[in-house]
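A short write-up of the structure that comes next.
Chain nomenclature is as follows: A, B and C, assigned in order of appearance, with residue numbering initiated at 1 for each chain independently.
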Amino acid sequence: MNVMRQTDDATATAEIKIAAKGVQVYYGDNHAIKDVDVDIADRTVTAFIGPSGCGKSTFLRCLNRMNDTIDICRVEGKITLDGEDIYDKRVDPVQLRAKVGMVFQKPNPFPKSIYDNVAYGPRIHGLARGKAELDEIVENSLRRAALWGEVKDRLNAPGTGLSGGQQQRLCIARAVATSPEVLLMDEPCSALDPIATAQVEELIDELRSRFAVVIVTHSMQQAARVSQKTAFFHLGNLVEFGETGQIFTNPRDPRTESYITGRIG
Amino acid sequence: MTAKTSLLTPDARTKRRNAAEARFRLYGLIAVAVAVIALAGLLVSIFGNGSSAFRQTTLHLEIPLPEDKLDKSGTRDLEVMKKVTTIGYAKVLANALEAQLDAQGISVEGLKSKDISKFLSEEAPATLRNQVLEDPSLVGQKITLELLVGGRIDGYYKGRVTRETALLDKNVSTAQLDLADALKEMGLLHTSFNWGFVTAPDASEKRPEAAGLGVAIIGSFYMMIVVLALALPIGVATAVYLEEFAPKNRFTDIIEVNISNLAAVPSIVFGILGLAAFINFAGLPQSAPIVGGLVLTLMTLPRIIIPARAALKAVPPSIRAAALGVGASKMQSVFHHVLPLAAPGILTGMIIGLAQALGETAPLLLIGMVAFVRDYPGAPMEGFFDPATALPVQIYNWTQRADPAFVERASGAIIVLLIFLLAMNAVAILLRRKFERRW
Amino acid sequence: MNEQHILRAFDRDLEAIQAMVMKMGGMVEAAILDAAQALETRDEELATKVRAGDKAIDALEERINEEAARLIALRAPAASDLRTVLSVLKITNSLERVGDYAKNMAKRSNVLGQMTAISGAGGSLRRMSKAVVQMISDALDAYNTRDAALAEDVRNRDREVDQMYNALFREFLTHMMEDPRNITACMHLHFIAKNIERMGDHATTVAEQVIYLVTGEMPGEKRPKADSVTTIGVEDA
């Protein structure tokens, strides 16, 4: 409890990694995100919660411009990463996504070997100068994803042959391998059993020492367990953003209250 | 609810439902049975008619090559020797056969010398002449050859010609059949596997026993190469572009609708297009595999694009998202991840498209591949521009001919075509098995 | 939060546990009033009844604690629901303490029955008890209606109880100075007064829980205090 308190205090002083100001997202005529301001602190887990269709995933995808792949999606407002506008015309989204990694809802390893899954990012970004260096990156990434011990003897086995929880950790290792600065996670545990979920949550807490982590989750308990900051989205609005402990014991907004206590709201 | 019902006795509703299900299964079985019977009938008829095309009766004959007849000048000068036509060689053969009969002491009642000369195929003198012209030193010596017998004698051993039909047929006499039986007894006449059928070129109407599929197989093979070389890259590129890169707007919608429609256009229309575009406008030669290949490429393209797009669409979007998520560009995600996963589907579609092209007749008729071609096309690349014919066209051709021996040949050719198609489908299945979805 | 939970069994559980708290509150209030009456009227029978009744209060506290633990384990309450359960635990704890004080009061009134009465003490203590019972009753009402203003009022009324206690303290001091034979009875009476004053403090705790429940924040330490007995000896001496 004391340790927790201390780290929480540390987040208050952590510098801002991503700052979003007045973000609006439109899907065709649908105004999906309405004027959202959020500051994502470095070395902190920030959770986005809210009912289905509230825009939390949409907003998450704005942070690494995954929305670019959808033709009808339009983003307005300003999102900066370390002070640089990521929607600037000069920014190549591919370069951005190497800095802002992403882990998806369903574990989606490539149908390749475990090694190739992790090595793919470093390969296409030219992060390793030789086989030895690449081996090192793969090992470090798998270690960081708490998967090394389980797979070190079968790096050439297909990644799709792992269990669901292992696959998700493999995806995290894959995202970590490109040395990102921010890790976005879109409901990373929704397809996992409680044990695998706990392992991934433990991993997220570990990752916090190196990255800013943003996690979208349907499970309020998960948000409560892993995050230091929580943002509650409702109907495209950011209703409340604050320290996780405060959101879960004493939310300021009645809509947040209704949602986290499981009332019709 | 009313009275309590027992689960042990089915109620009226359940009985009706079960009866309906049983009836439906029965209809299904009947439909399958009809299909199986039809297929079996087709195969039995084709194999019944056609399997004999793969066997051919030949005569083992010792032939003295008299110099006075074949090279009067004695100089072995090819130009001079060429003046002796097949008629001259036919006489040599007739004499040789008569001599052999005398030597073996075979005498057949009512056998005229005309019967003896007609006993052998009209192809036999040509075979002998070619052999002699190739090696003039043979003249004056004695050689032994396996020579084709006439189509009717061949038919006699395949059951197509009997003594009753021979009486009505002025092309064959019972005396010839007696002679054949006698030769058979001596072991001179025997039936063996007919390599000529798959290697020899087509032959004229008078000598079905010599007709083969060699030119047609080469022609079809060349066309398939052209189709593969053009349709695979163009088709896959189109499918990838439309599925992965093209913006979704009215223009691409129109293209999509048109591709679907093109797949349904009758193939003969492509033949007319080929005639107009490639032969009349571009001036390519008629009957050439290159033109056939181009026409079949046009016809096959939509049939490749549609399954290729379906295969690309079947790749889960999560794979694309994963690739983009680690910072791959659009093209990297397509070429590193999506295309390899779609490859089995694309290849299967490709092979089925090729198989359809292989069996296509109508457009080839229009671009002149129906011509009677006896010369093998050359090696690639010039070979693509030489006249050739194609397997289905050859079948169509042979069914037009009068001699019943050609019915056998046509059925045999269908068997060859079916073997090719089965082989291609087997490859398609193997590919699908090998690259089974791994996500 | 007047809206219902999507899972209505959660609402039923919460209502049931709060009803038990109300019931416990009623039992505690009755115990105080009975104890005060037994003291004033020297009714030993009533005092014995109060002492026996404390067992039922303790049992109810046990049940409420179990229910609250079950609710936390099964329903994982958050925000106002969490605060409700937490306040239930604290309020129950306070009420149980108040019940113990009432029992102690009854015990002492049995002892006092054997001694000469101190004139006016019984009436004063009963008035003080009534004030405290009113505080507890109002605090529980505030809890029931989520009325932070009423709770704040209860909090402020603790000052009056403290003043009553101060007055009694001086009165008992005077009695003891006048006649040392009164010392035993006065000591008992003083402890009773002190216990009632503590009851008032617990009523304040309940009121504070109500404020926490409604606002999400504990009221600051600006609580009005009038308990000056700690300094009485000093200024007199």
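Here is the rule we go by: contacts are C-beta pairs under 8 Å (C-beta built on N, C-alpha and C of every residue); 3 or more make two chains touch, one makes a residue touch a chain.
As the structure is a computational prediction, the values presented were derived from the model and not from experiment.
**Q** Taking the mean of all protein CA atoms as the centre, name the chain whose own CA mean is closest to it.
**A** Taking the mean of C-alpha atoms per chain, the most central one is A.
**Q** Using mean Cα positions as chain centres, tell me which chain lies farthest from subunit B.
**A** Greatest centre separation from subunit B goes to chain C.
**Q** As a quick test, compute the distance in whole Å between the mean CA positions of subunit A and subunit C.
**A** The computed centroid separation for subunit A versus subunit C comes out at 51 Å.
**Q** How far is the middle of subunit B from the middle of subunit C, if each middle is the mean of its Cα atoms, in Å?
**A** Comparing mean C-alpha positions, subunit C is 105 Å from subunit B.
**Q** Could you work out how far the Cα centre of subunit A sits from that of subunit B, in whole Å?
**A** 60
**Q** Taking the complex as given, what residues does subunit C use to touch subunit A?
**A** Interface residues on subunit C, with respect to subunit A: 1, 3-7, 10, 76-83, 216-217.
**Q** Within the complex, which stretch of subunit B touches subunit A?
**A** Residues in contact with subunit A: 247-248, 316, 318-330, 332, 336-337, 341, 438-439.
**Q** Provide the residue numbers of subunit A that touch subunit B in the complex, in ascending order.
**A** Those residues of subunit A that touch subunit B are 64, 66, 69, 71, 94-98, 101-104, 106, 108-111, 120-121, 124-125, 158, 160, 171, 174-175, 177-178.
**Q** Within their complex, state which residues of subunit A touch subunit C.
**A** My answer: residues 220-221, 224, 248-251, 254, 256-258, 260-265.
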